[in-house]
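Next come two complexes, and both contain chain A; in the first it sits with chain B, in the second with chain C.
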Partner chain A sequence: MENESLKNLAIKELLLQLADDDFIHAYRGSEWLGLAPHIEEDVASSSIAQDTMGHAVIYYKLLEEIGEGTADWLAHDRQAHERRNAIILEAANGPGHYMKDPDYDWAFAVVRNYFYTQAKAIRIQSLQSSSYAPLAEVAQKVQMELYYHLMHWKVWFVQLLGSGHKEAVSRMKTAIEKTLPDFAGIFSLGQFGEEMVEQGLIEGEAAIQKKWIDAVTPIFESVGVATTFEIGMEKGDGRNGVHTEDLKTALDTLSEVYASDKAASW
Partner chain B sequence: MSTVLINADEIYKLLEDVKDPEIDTVSILDLGMVEDVTVTGPDVTVQMLPTFLGCPALSIIQKNVERALKQHPIVRNVSVEFLRAPSWTSDRITEKGKAGLKAFGISPPPKQMKKDGSWHIDCPYCESTFVTMENIFGPTACRSILYCKACKNPFEAMKPMIKMI
Partner chain C sequence: MNVLLNEMAEQEKLKHFIARIDAGEKIEADDWMPEDYRGTLIKLISMHGISEIMGALPEKEWVPKAPTLNRKLGIMAKVQDEMGHGQLLLRVVEDLLRPFAKKREDLMQDLFNGDLKFHNVFHMEAKTWGDAGLIGWLVDGAAIISQTNMLGASYGPYSRALHRICAEEVFHAQHGEAIIMALAEGTKEQRKLVQDSIDYWWESLLLFFGPPSKKEVGSSKQDVTIRYKIRTSTNEELRQAFFSKYVKRILSLGYTIPDETLRFDEESKTWIYQQPDWSKLKVLARNEGPRSQDRLKLRRISYENNKWVREALAPKVI
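Showing the complex of A and B:
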């Protein structure tokens, strides 16, 4: 009995992590709409953001099926401290505001998108053999879409970091130095991580992090850039509800319409 | 006990009239989105596969299916379910579906990607193979943008969706 409820808790926590990661990541991606470096990129990155929001929705629906509230409520009506996304994904795209003087950092977008998409690909691979069947089914579909996302961000990453262009390379390196110190938050499974692994829901943090380093290392080598991968969680573990002001601001903005009339049907 | 009132074939016939909301030359049947139809007395359940998880057209398609099937004089309840498995893949598009896509100016997805992950698409207007990929991502989740260097037309192609190992 107690084991059963612990298992259910682990499933719920894992679904929340997956959903909240993709949700805030898609939101940050959508903020680039109209601001991306060129028109083709505008089309591509908003298409990716739309796919990613679709992934968040499917995880929220799995939560809805196990009685954790409606997908809309889960997406819009939870406070920052109830969210489980990794802190690096909530970080603002740059100074300024979408509507007013956005001074967004494309290098940071490329680095974060490539790093996260690669991590997500490894996680999705693992989830395809999850003992939780609904998750294994969803993972297969997500993987097919993710193939194109990963290809896209890898191209940007290699092009900019390997460009030999002084400003591009320096901005990319700055973005990498900004991303890695909090990137362990992506691999964290939170306080119920052990239970998740024991139940066969997903592989452990260390295993996934190692696969990520193995996948990213040759890409760094291909452009002749060395890195030591000093991955940390300096700002805390989002899986346990620790978050920054950036998340609160984002949630206030993205739920504005929802909050204006919670009973409306769209 | 009631006798069988509705033949599943009649339902499939009605589904042929439900087109992709943005491509009116292709039905949802020819896109391979319909996995199964179950008839229980006057009630019909249609099990469908989403092309892309984030596709905003899914709820429109659902409503259009309900509306189409309710035209049948005996149908009472229609329920549309989107399944998680199997995953929709682009090789589910029928030959008729491919012809419909082409008629709309969209190249059908290639049957199979080559081993190196590359894929080859012909121009839907002049059949030329002399085309360039402008953007893997297009105006909708399922389409890419290409350019034909032979007839100098931009065109779109359905993005291949296949199971990766």
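Showing the complex of A and C:
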């Protein structure tokens, strides 16, 4: 009995991690709308943000099905400390607001999007053989869209880092240095991680991180940039509810209309 | 002598051109066309294209704030479509601009220095979620009326782009209508959001179709666009079609329209209405509307911030 409830808890935690990651990532993507380097990119990246929000919805619906509250409640009505997303995904796109003086950094967007999408692809690969059948099933669907997302961000990453353009290369390196120290938060499975692995829900943190390094290393090599991958979790583990002010601000925006009348039908 | 021959040839070409469009043939990008036809198309399509792009901004403000996951997905898809329309149309303009050696970059500069205008509605504020719904429902509804009028445009590339755009706009209007219906059936506060939006947007919706004739604002392109078979109906005919389609729908939801004189005159079969303040179109064309400068600033910031990206991607000079 106790084992059963522990397993349920592990399932719930994993679904929250997956949902919250994609939810906040899609939000950061949608803030870029109309501000991307060119119109073609606006079209492409807003399509990706839309797919990503769709993935968050899939996971929130799985949570709804196991009685964890409605998908809309889960997305809009949980406080920052209840969220399970990795901290690197909540970091603002740059100084300023998406409606006023957004001083956003495309290099950071490309690095974070590529790194995260690569990690997501590996995680989704692993989830396809998850012992939790509903998750294995949706992983199949998400994977089809991810193929294109990953290709998109990989092209940007290679083109900018390998451009030979002094400012571009320097900005990309700065963005990489900004992303890696918190990137372990993506691989973290949180306090119920061992249970997740034991139950066969997903592969362990170390295994996924290793696959990620194996996947991105040749990309770095292809543009002649050496890196040591000092991956950390400097700001803490978002999986356990540790978050920054950036998440609180984002949640206020995301739930502004919802919170104006929670009982209303919108 | 040569000059005369060239003159003659030009006139022959024009005659042939007019015969082609009168026969319903499509003009393609590489075909000969009179300069004022090209000029009219460039003005019309670049304004349409840039309006789609600037038009994404007021709704984008509401993308993250959409109150449910379904509404978030809906509005994300819609705004992405609008950007896609902008891209499609700018590609059409780029072909037309080739003889002048002008490019996308020049269009953006024209936007920033005020030479390239965008539609009056996109200078306005989107203050509430009600406005986000109303933009989809009535602004896109108005756009569908004016764009379906050009589906048969004599310029083939524009006509084809419009077929795709109009098909998507129908979904946008349904998306907007769904938001409005939910609010209309909701709480007192939700219902009020819609009434406030109607009151705020009504005049802009009338201005959207343009003046009935030259005398209101000093110039109008409608005669030349009709002559060249780019469109079929006049501004006033389109506005009348808008009234016929939407007045009843608005009233049937229990809302009022901020025009006490609005009525359908059975005898003349036309809608009688309070003329909007046409001078506002001039104010907006100078980018002096409530949100004109803020939205232009957003685009300018993104253009300047991403300068390094364009440079890094530019083909290397060897």
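Following the convention adopted for this analysis, the second predicted complex is superposed on the first by the 266 of 266 C-alpha atoms of A that agree within 3 Å, B and C clash if a C-alpha of one lies under 4 Å from a C-alpha of the other, contacts with A are read in each partner's own complex, and residues count from 1 in each chain.
Just so it is clear, a contact is a pair of C-beta atoms (placed from the backbone, for glycine too) under 8 Å apart; a residue touches a chain by one contact, two chains touch by 3 or more.
Keep in mind the model is a prediction, meaning the values are calculated, not measured.
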{"item": "Touched partner set for A:Ile66, first chain B, second chain C, both or neither", "value": "neither"}
{"item": "Which superposed partner A:Leu254 touches (first chain B, second chain C, both, neither)", "value": "second"}
{"item": "Touched partner set for A:Ser47, first chain B, second chain C, both or neither", "value": "both"}
{"item": "Which superposed partner A:His152 touches (first chain B, second chain C, both, neither)", "value": "first"}
{"item": "Which superposed partner A:Pro134 touches (first chain B, second chain C, both, neither)", "value": "first"}
{"item": "Partner chain(s) touched by A:Ala206 [first = chain B, second = chain C, both, neither]", "value": "neither"}
{"item": "Touch count on chain A, higher of chain B and chain C", "value": "C"}
{"item": "Touching partner for A:Met99 - first (chain B), second (chain C), both, neither", "value": "second"}
{"item": "Contacts of A:Val57 with chain B and chain C, given as first, second, both or neither", "value": "both"}
{"item": "Contact residues common to both interfaces of chain A (with chain B and with chain C)", "value": "40, 43, 47, 50, 53-54, 57"}
{"item": "Chain C-touching residues of chain A, taken from the complex the two chains share", "value": "26-27, 30-31, 33-40, 42-43, 46-47, 49-50, 53-54, 56-57, 60, 71-72, 75-76, 98-106, 159-160, 163-165, 167-168, 171, 250, 253-254, 256-258, 260-261, 264-266"}
{"item": "Chain A contact footprint on chain B (complex, rising order)", "value": "50, 52-56, 84-85, 87-89, 134-141, 145, 159, 161-164"}
{"item": "In the complex, chain C residues that touch chain A", "value": "53, 56-57, 60-61, 63-69, 71-73, 76-77, 79-80, 83-84, 86-87, 90, 129, 182-183, 185-187, 189-190, 294, 297-299, 301-302, 305-306, 308-313, 316"}
{"item": "In the complex with chain B, residue positions of chain A that touch it", "value": "40, 43-44, 47-48, 50-55, 57-58, 134, 137-138, 140-145, 147-148, 151-152"}
